[in-house]
Amino acid sequence: MLSRTAGNLFWLSRYMERAESVARLILVGHRMAGVAHTVDLHTNEWRSTLRAAGCLPGFTEKYGACEPDQSQVFEYLVLDADNPSSIRACFETARRNARAVRTALTVEMWDAITDSWRGVQSLSRSDMEVDRLVPILEWVKSRSLAFSGAYANTMLRNEGYAFAHLGTTLERADNTARVLDVKYHLLLPDQEGVGGVLDYVQWQSVLRAVSALRAYQWVYHQRLQPWLVADLLILRPELPRSLLSCASQIVTTLDSLADRAGGRRGECHRLAGRMHAELRYSRIESIFQAGLHEFLTGFIDQLKELGAAIDQHYLAL
Amino acid sequence: MTANGSVRPSYAQIRAWLDAMPIEALDVKRREAELLFRRIGITFAVYGEGGDPERLIPFDLIPRIIAAEEWARMSRGLTQRVRALNAFLADIYGNGEILRAGKVPEELVFKNESWRPEMQGMQPAAGAWTHVAGIDIVRVDADQFYVLEDNCRTPSGVSYMLENREAMLRLFPDLVSSHRIAPVARYPEELLETLKSAAPPACRSDPTVVLLTPGPLNSAYYEHSFLADEMGVELVEGADLFVDDGLVWMRTTEGPKRVDVIYRRIDDEYLDPLSFKPDSMLGVAGLFAAYRAGAVTIANAVGTGIADDKAVYPYVPEMIRFYLGEEPLLQNVPTYLCGRPDDRAYVLDRLHELVVKEARGSGGYGMLIGPHSTAAQRDKFTALIKARPEDYVAQPTLALSTVPCFVESGIAPRHVDLRPFVLVGRDIRIIPGGLTRVAMREGSLVVNSSQGGGTKDTWVLES
Amino acid sequence: MKLRIRHETAHDYEAPSASTVQLIRLTPRSHGGQRVRYWRVGDGSWPSFEDGFGNWTQFRAVQRPHGRVRVVAEGEVETVDTQGVLRDTRETLPVGAYLRETGRTHPDDAIRALAEDVLRSANTELDRLHTLMQLVRDKVDWVVGATESTTTAAEALAHGRGVCQDHAQLFCSAARLLGMPARYVSGYFWPGEDGRDEPASHAWAEGFVPALGWVGFDAANRQCPTDRYVRVAIGLDSFAAAPVHGVHFGSGADSLAVTVRVDADQ
């Protein structure tokens, strides 16, 4: 397959997935802010949401360093054309990539992308009110799921599928790590210690953000414990969005590509294999001992490195 | 329909079918057809016509029918003409016998923008220059086929030929099966074989063919992706290819892959920033050198534009006599070259009855249709011709034959032309059929899609 | 005269270039007036072809990150003085092809006026070309660095300053206006041991005179080429006959260093 075609497939599914990630991050932020509001506490959900989305520097440049205002955050993360990770920009980039490889897509994939793109075109500032935004974010999630469903169910299992799938899983792993990291950046007010009500609700929001609240109950059968939440999102193979699940899918996909190319392997295969092995043989206790935040930042860096290596090996023009 | 208003015998069945079909039913079918085309996404303009790339070109439901013996004559004429055009290109970039013999004026070639000195001495594989030639033909009466123009660079429109037939098969399966129609569906296969047969001699294994497109913004991008898909070859852009070790490679996920034949749908000057337009972002640096060194086939060959230049067109009958020793089977429309003083005087005197075209334009923009022109338009063209006479040619308007078409007011005769596609590799192949373009406006002679022209399916009957 | 030539072209890129592709026309051919005793371009492995004008052309690509590309051509050519008249050159194109205008030799009114001056002051074709040679040099002062490699004949004339490339292109443009086929030549010139200038890559023109054939005219030096000249490549203009022409992809500036050495055994 042409490197350019593979690259377009890889990036368009990354962007479709990223739109979903951003939607999920905003929803977490919104829930946490809602909780803080009801107990009348001054907290910093929006700053931590921006940081987790990797959008804090861009936002600060545009709006200054003062505490972010909710409607500004909504606009920046959903509509802003200057923000390459805004939901609108994600759908637009995905559509542009899709146009360039129209014939490599199934009709269903094309429709899923085009409908998302059309939908986001019709959004305006007036939609950036909380009451309106929540259903819109749910819609964004459903669009991204419609896309990944479309390719999972209609695409020939060839290289094209492998690159689309790589894009999705890489982005998804990144998202899970970031959602978990939101919690790290949240301040707990003095009177609200670790293990308090607010802390509890915040962990609950994290689980909801990755649609894993019920999964937690099924796996652990107990009250929310921070290390168990982290265990679920990082190390449990049962959870499809866990870092381990994503890493193992990345390894399988890269292996299938290597098999197709007569065993040709490169740095990306080594990096993916190492990442997977580390997750597979880790215990949550040791991750907490070394620091969860440090672990997550390290993981996000590793993903970045892996993405670059994939680009170098398969996609570079 | 013939010039005197009678219906050709080959249309007898169509006539009966139309008589039995209520206009409303046709209208329903027309809407169905439109939906079909929108769904496939077939939207483009024919070569060089520009326009909105997402626009749909009107499709006329009533097929155009060509009888077996008519086609046999036409295809002999096409073969002859295309053989002569290829011989001309080989000669012009070779020994120049036709120039030495004084049959074609030297300056017409050497001062022509379409002539490429870089190609001098080139001997393309299999002796093929115009791997795909589109010859635009009109019929004047029952026996006379006239060639309006030759298209030897990157003629487009063949996807219409194929999609129009697909549409007819879906909309009117019974009508189609009640005729014995020569199939067109094997065109992509024939094209691929033609291209492979023209691979460089050094290429030992099964040649790798690619289709080089300027990209999704090009008005014919649909056709590029359609043909690449149908042939099962990669649709590449300039950035997908590179030159190394004297060879051409494409970047794939499995590493660099050698390319032997490039069916290019981009113009000469954009092929290679090293040898042509230095600012071209579409091309491949070093491609032309690799081509000259014999490492890759470029189809059509570089520099073929000199053969379809409108100022060279009047000499095609002479080429046929010179290279083949035969009399032309297809007629040339008498053409006046405004660069020649006698011709110019004649043209300026009779603007009201002539069609004036730009020698190097295409698409029917820079065109004056004398009988339908206003005095102001004629004044404008008089000034244009006087300023740059070499840039204009003129032809008499022909009494074109018409075929029945389904238009707003019902079924009515409209003027049409036909672009059959002639493939040149080790041998010459012609798919029976072509792209029929229709001047949808009553009395109009302009079939270009940018000027409101439409298309219809073309049925070549098997005897 | 025996001329030993070494020509080195080096491009240095500030940031590594991802890809460089070059066309190299650095191979002189033998004809009446010059005989190539030996010649070598690069390591001799680069693919090559004969271009439309009959120039032996190499092309080479470097498709991995690199900071520098270097081309070295060297060899020895034996020359005799023919007063600029050429014999037995490799001719691929009919003479009439050299009447063609190009972007760089497209005439403007000033060039047309120059051609008319020539027409007024000289009668035979040969005289006209000689007169043109002098006029070109009169109108365009030889100032190194005054023009760029893409400067057109019309721009050089308007500017009044230029280098040998500009003189040669202006000569071609005006000669063609006079109905005389003309072409651009790139090659080498040995200025002599007492020569004021460093030997360098040089360029001049050739005009076609029916009685004599092709005749060289070096407007920059106001003379027809002698045995101090080595003729390497021809074309309709400086683009077509450029000794080394490349395209590279990369960010950052690049610098070009050209060193030419010509030594003579008399």
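Per-chain numbering from 1; labels A, B and C assigned in written order.
Here is the rule we use: a contact is a pair of C-beta atoms (placed from the backbone, for glycine too) under 8 Å apart; a residue touches a chain by one contact, two chains touch by 3 or more.
Chain by chain, the UniProt names read as follows: C = Transglutaminase.
Just so you know, these numbers come straight off a predicted model, no measurement behind them.
Greatest centre-to-centre distance from chain B is found for A, with centres as Cα means.
The largest tally of C-beta contacts between two chains is found for B-C.
With centres set at the average Cα position, the gap from chain B to chain C is 41 Å.
Spacing of chain A relative to chain B, judged by their CA centroids, is 50 angstrom.
Remark: chain A and chain C have CA centroids separated by 61 Å (rounded to whole angstrom). Only residues 96, 99, 106-107, 110-111, 115-122, 242-246, 273-275, 278, 285-286, 289-290, 292-295 of chain B touch chain C when the two sit together in their complex. Chain B contributes residues 41, 215-216, 225, 228-229, 234-237, 239-240, 250-255 to its touches with chain A in the complex. Looking at the complex, you find that chain A touches chain B at residues 1-4, 6, 99-100, 102-103, 159, 163, 257, 260-262, 264, 314-317.
Remark: chain C residues 19, 21-23, 46-54, 57, 59, 61, 63, 92-94, 96-97, 99-101, 236, 240, 245-247 touch chain B in the complex.
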